[in-house]
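Two complexes, one shared chain (subunit A), two partners (subunit B, subunit C).
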Partner chain A sequence: MRSDGATGAPVALKVGAGAGLLFMHLPVLLIFVYAFTTEDRTYQWPPPGFTLKWLAVTWNRPDVWEALQLSVKVASISTVVALVLGTLCAAAVSRTAFFGREVISLLVILPIALPGIITGIALRSAFNLADIPFSFWTIVLGHATFCVVVVYNNAVARFRRTAGSLVEASMDLGANGFQTFRYVVLPNIATALLAGGMLAFALSFDEVIVTTFTAGQQATLPIWMLEELVRPRQRPVTNVVAMVVVLVTFVPILAAYYLTQGGGSLRPERQSDRV
Partner chain B sequence: MADTTVIGAASSGWAGKVSDALWRRPTLFLLLLLAPPALWLGVIYLGSLFALLAQSFFSIDEFSGLIKYELTLKTYRELLIPANLDIIVRTTSMAAAVTLASAIIAFPIAYFAARYARGRWKALFYLGVMLPLWSSYLVKVYAWKLILAKEGILNWLFGKLHLTWVLEALLSVPVIGGNSLSVSYTGTFLVFVYVWLPFMVLPMQAALERVPASYLEASADLGAIPFQTFRNVVFPLALPGIIAGSIFTFSLTLGDYIIPQIIGSSRLFIGQAVYAHQGTAGNIPLAAAFTVVPVVIMGFYLWMAKRKGAFDAL
Partner chain C sequence: MAVDRVDMAVEEGEFFAMLGPSGSGKTTCLRLIAGFEQPSEGAIEIFGEAVAGVPPYRRQVNTVFQDYALFPHLSVTDNVAYGLMIKGVAKSERVQAAEEALEMVRLPGYGSRKPSQLSGGQRQRVALARALVNKPKVLLLDEPLGALDLKLREDMQEELKALQRALGITFIFVTHDQGEALSMADRVAVFNEGRVMQVGTPREVYHKPNTEFVAGFVGSSNVLPETFVEKLTGTAALASLRPETIKVVKKGGHEAEVLGTSFTGAATKLVLRLGDVQLNALVDHEVGDLKAGDKIRVNWTPGSVHLMGGAGG
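Presenting the complex of A and B:
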């Protein structure tokens, strides 16, 4: 076995890896074809013809716009809440070793480690018990809960990579805690927070399982899509919406990737990265 | 002389006073940092979870349909009737099958990305896994609705290749078959594997990247054929990563109720049962008892994973 890089890969491995990647990407690409089909009653393949008509039809649909608006609002506020909570948690966990530190990291991971339906039904029955009516804010509450973990993961990785001596130096030079945070800590963790925030936004924007339990009559974009999936009424419009969702979610993911340069978005940094 | 430079002089202004006070009391500072997230997650989230758990110890009155607020294990006994046990077994087997298939499909991708991909290719592989991981769940499910539809691309492809008989043979197999792919377990299985696959690749790749190339060379030098190296060196070292990935694939399959509802037979999965019982049936205790099943399974699973050191690979 040689260790001199890409030349050494066995053919079977290359084929397996390539096929795996194709399996992960082709299905979504198919939606791009369907968004332009002239067929509007079935999922017929190959499409009998192509048209741009459905883009305009979708553009003029108020229900799609309302759902989109709600999703963006929910995702923005949940992201802000998750940023604050996640950063606080990461700062506490990474700076000091204290009793119950493991418990805190478990607590943060729990909302996504447990199936979404449990988070959803738990919150729903709690709202019922407490007589809280379902509203915009109940959706936000659910979303923020499971968004904390992505911010936390990114922030904790960055905090560990940031040398603690920087903070001490800043204090020695006479800066108080707030100044140190503003001029030393924040610039250091800013890109990690931005990346975490964008992933939190993408996570919230896309969430459907918890949302079905915490939303009342409001339909976020995923809820709108779910209804179309269960009872297809507007196939061409759904195709276009699906395509737009794919394109829109690519932006924060790519941006988050370039901000963290390949590390720490889902997994915290590895042993070898530690300073 | 020494007193002219005052080290640690009290800072001026309220901001200085506050930060000095906090610097002197690290425990207080820590508590202040932790209070908001601990309140949110510990009180709102854990509180709801425990409230739900508590409800599973109540029961529902068969005549009035109202919840009886007295502690009983009656609801749990109801969980063990054959119909409900079926649901649990079905869901767990599906989760296991999905996990196994994801591990098999993910391995070449993770291994290639960890060992052979360099520079541009490395970035391509990383994004190639990250994009499907983060792209919309519903859109992915929708894509499979298009693919598996009777008039869709898969049937067309099988027809063009004159392989329709293979598909029909597969669909006539008792358990995994059905009228068409979109209403069979095979269809549900395919969609589950597709949707959760990236969650398996990433931790696996992380674990494989930590296997030093020299180990593989040493193994080969000592006369192992590639399969033996895989079996005795690569696999044991990658195992924490595989387990870490399987936490996701297993847990996500256990709790999902949307995929089997859209693509699959009418037989229920745990998630669908929970949804049905809490919704139209209004039987919150039974729904709560059903949610305890994945929690217990996952609790056990996480405990095992921790013992195998899987958390370092997350």
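Presenting the complex of A and C:
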């Protein structure tokens, strides 16, 4: 970039970069602005006035709390399921050689490559065939299919770069399988699991398509938002919720970023193991 | 099948080397003793106790791994104290034991570092301390010096030997470096293609190889063909003739043609042709400047020709 001796990027490039950033983030800012508008039927620009009353209104709406609670519960349980299954699967694929290993590896990753609508329809017909009523647990199952993938990807990358002889060394020094997992394997994959788990949580938290197909009467937060947009009633409430979600999810994302970057790192060369 | 019909007995307190080219089964043997692999047939006994089917963590054997396998998330002290921690030794006690072990491998005061802050030679010493702190009955070393540079390797050879003598523990170590095996071990097992070819003291294996393979692999000996040996000794058998036993003489002996020479530092290496037999000889520099095509005379004492009883290998 600097081979011509110039002191910075050309103006055109700066403008382009700025335009790109605006294009990505301006809509998010708009959501923030509309959370404080005094007008609650149409999104009118510029807002006729600003008020803080929607914060209070949102706080007192039980349906918001229900949806939020459901989303957090679904995301938490899906993440836990994904952490267990994804780690086990990654350990099997990276630690041992067996017939069909590559196929299994591909099959695990496939759900995230499949369009959500396919996963959704497939799960819905499967649940119907098996006579499973749609419930909280069918949502969790649906979300787990793609959450497993991100945990698996993170864990498998870490396992590949962790010497297999560490496990043998631990066994050699007298540790049984459980102790080896507790004292050697887990500390070495912990940050990868943390990053994978946070990503899984985020994916599950804002999932709409698969949820639409696998939910019964329940509305997770994103579904609730969609419904709110169709039924115009206290519209800025949706914006307040969106704003809070942005602010709240920002914290763990920043945390995950710093945790996997530098501080508390086990190995200097382990920055690149994200999906 | 990685190893087959491997039958050997290691004595208590012995420094035992398993020597062989890569893929010869020496590492598999080590892993069988450590318990990382289980034999499909046959038996392994450690101090008279049958250990087939016993997991690694219940064997009184510790291993120094080829890549050292230090735990990257633990400090040097915690690495060394790991085995004691698993056994439930109190913290202050195991920290002290770890410090003593580090002193033994000449790394005192390194306890608070992480393995990534150590050099290759230092990691190796930590790996050694981590194994020895458990006071194993047998210490297994898998190519322990393979990753070190030449000077460091020679120092470590001396140190390992001194350590083994001081502790009196049985050391079994795997190497593909015949010089290392000969200089360090009390006895050597030479492996090839999953079989043990010969077990003996370094002197036996070197001077009295029992097969063409051992003769060639240990000290790259000349293997004399049967017809040539018959002319020399009256017996039709393969024989080994060490390159350094061949002397250049003024008269007598055998006429030879020089095919090539190379300077190797301590000696000059000659490639010779005696009739239809090609020989390598290591001679001192006093032979002067020889070049390809020169005709010289060489001889050796009759005892240098070691008969190997048939083809073998």
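The definition used in the following text is that the second predicted complex is superposed on the first by the 240 of 275 C-alpha atoms of A that agree within 3 Å, B and C clash if a C-alpha of one lies under 4 Å from a C-alpha of the other, contacts with A are read in each partner's own complex, and residues count from 1 in each chain.
The rule we apply is simple: a residue touches a chain if its C-beta (ideal position, glycine included) is under 8 Å from a C-beta of that chain, and two chains touch if they have at least 3 such contacts.
A quick note: this is a predicted structure, and the numbers were derived from the prediction, not measured.
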item	value
First, second, both or neither for A:Ala200, with subunit B first and subunit C second	neither
Touched partner set for A:Asn188, first subunit B, second subunit C, both or neither	second
Partner chain(s) touched by A:Ala169 [first = subunit B, second = subunit C, both, neither]	second
Touched partner set for A:Cys147, first subunit B, second subunit C, both or neither	neither
Which superposed partner A:Leu21 touches (first subunit B, second subunit C, both, neither)	first
Greater residue coverage of subunit A in the superposed arrangement, subunit B or subunit C	B
Touching partner for A:Ala67 - first (subunit B), second (subunit C), both, neither	neither
Subunit C-contacting residues of subunit A that also contact subunit B	171, 174, 176, 179, 266-268
Subunit C - residues contacting subunit A, complex	34-36, 55-57, 61-63, 65-67, 69-73, 82-83, 85-87, 116, 130-131, 134
Subunit A partner contacts - residues on subunit B that touch it in the complex	11, 13, 15-16, 18-20, 22-23, 26, 30, 33-34, 36-38, 40-42, 44-49, 51-52, 55, 105-109, 111-113, 115-118, 121-123, 125-147, 149, 151-153, 156, 194, 197-198, 201-203, 206, 209-210, 213-214, 216-217, 219-220, 226, 229, 247, 251-252, 254-258, 261-262, 271, 274-275, 278, 284, 287-288, 291, 294-295, 298, 302, 312-314
Residues of subunit A defined as touching subunit C within the complex	163, 165-166, 168-176, 179, 183-184, 187-188, 266-268
Of all residues in subunit A, those that touch subunit B in their complex	1, 3, 5-6, 8-10, 13-17, 19-21, 23-25, 27-28, 30-31, 34, 42-46, 84-86, 88-89, 91-92, 95-96, 98, 104, 107-108, 110-111, 113-119, 121-126, 129, 141, 144-145, 148, 171, 174, 176-180, 199, 202-203, 206, 208-209, 222, 225-226, 229-230, 238, 242, 245-246, 249-250, 252-254, 257, 262, 265-268, 270-271
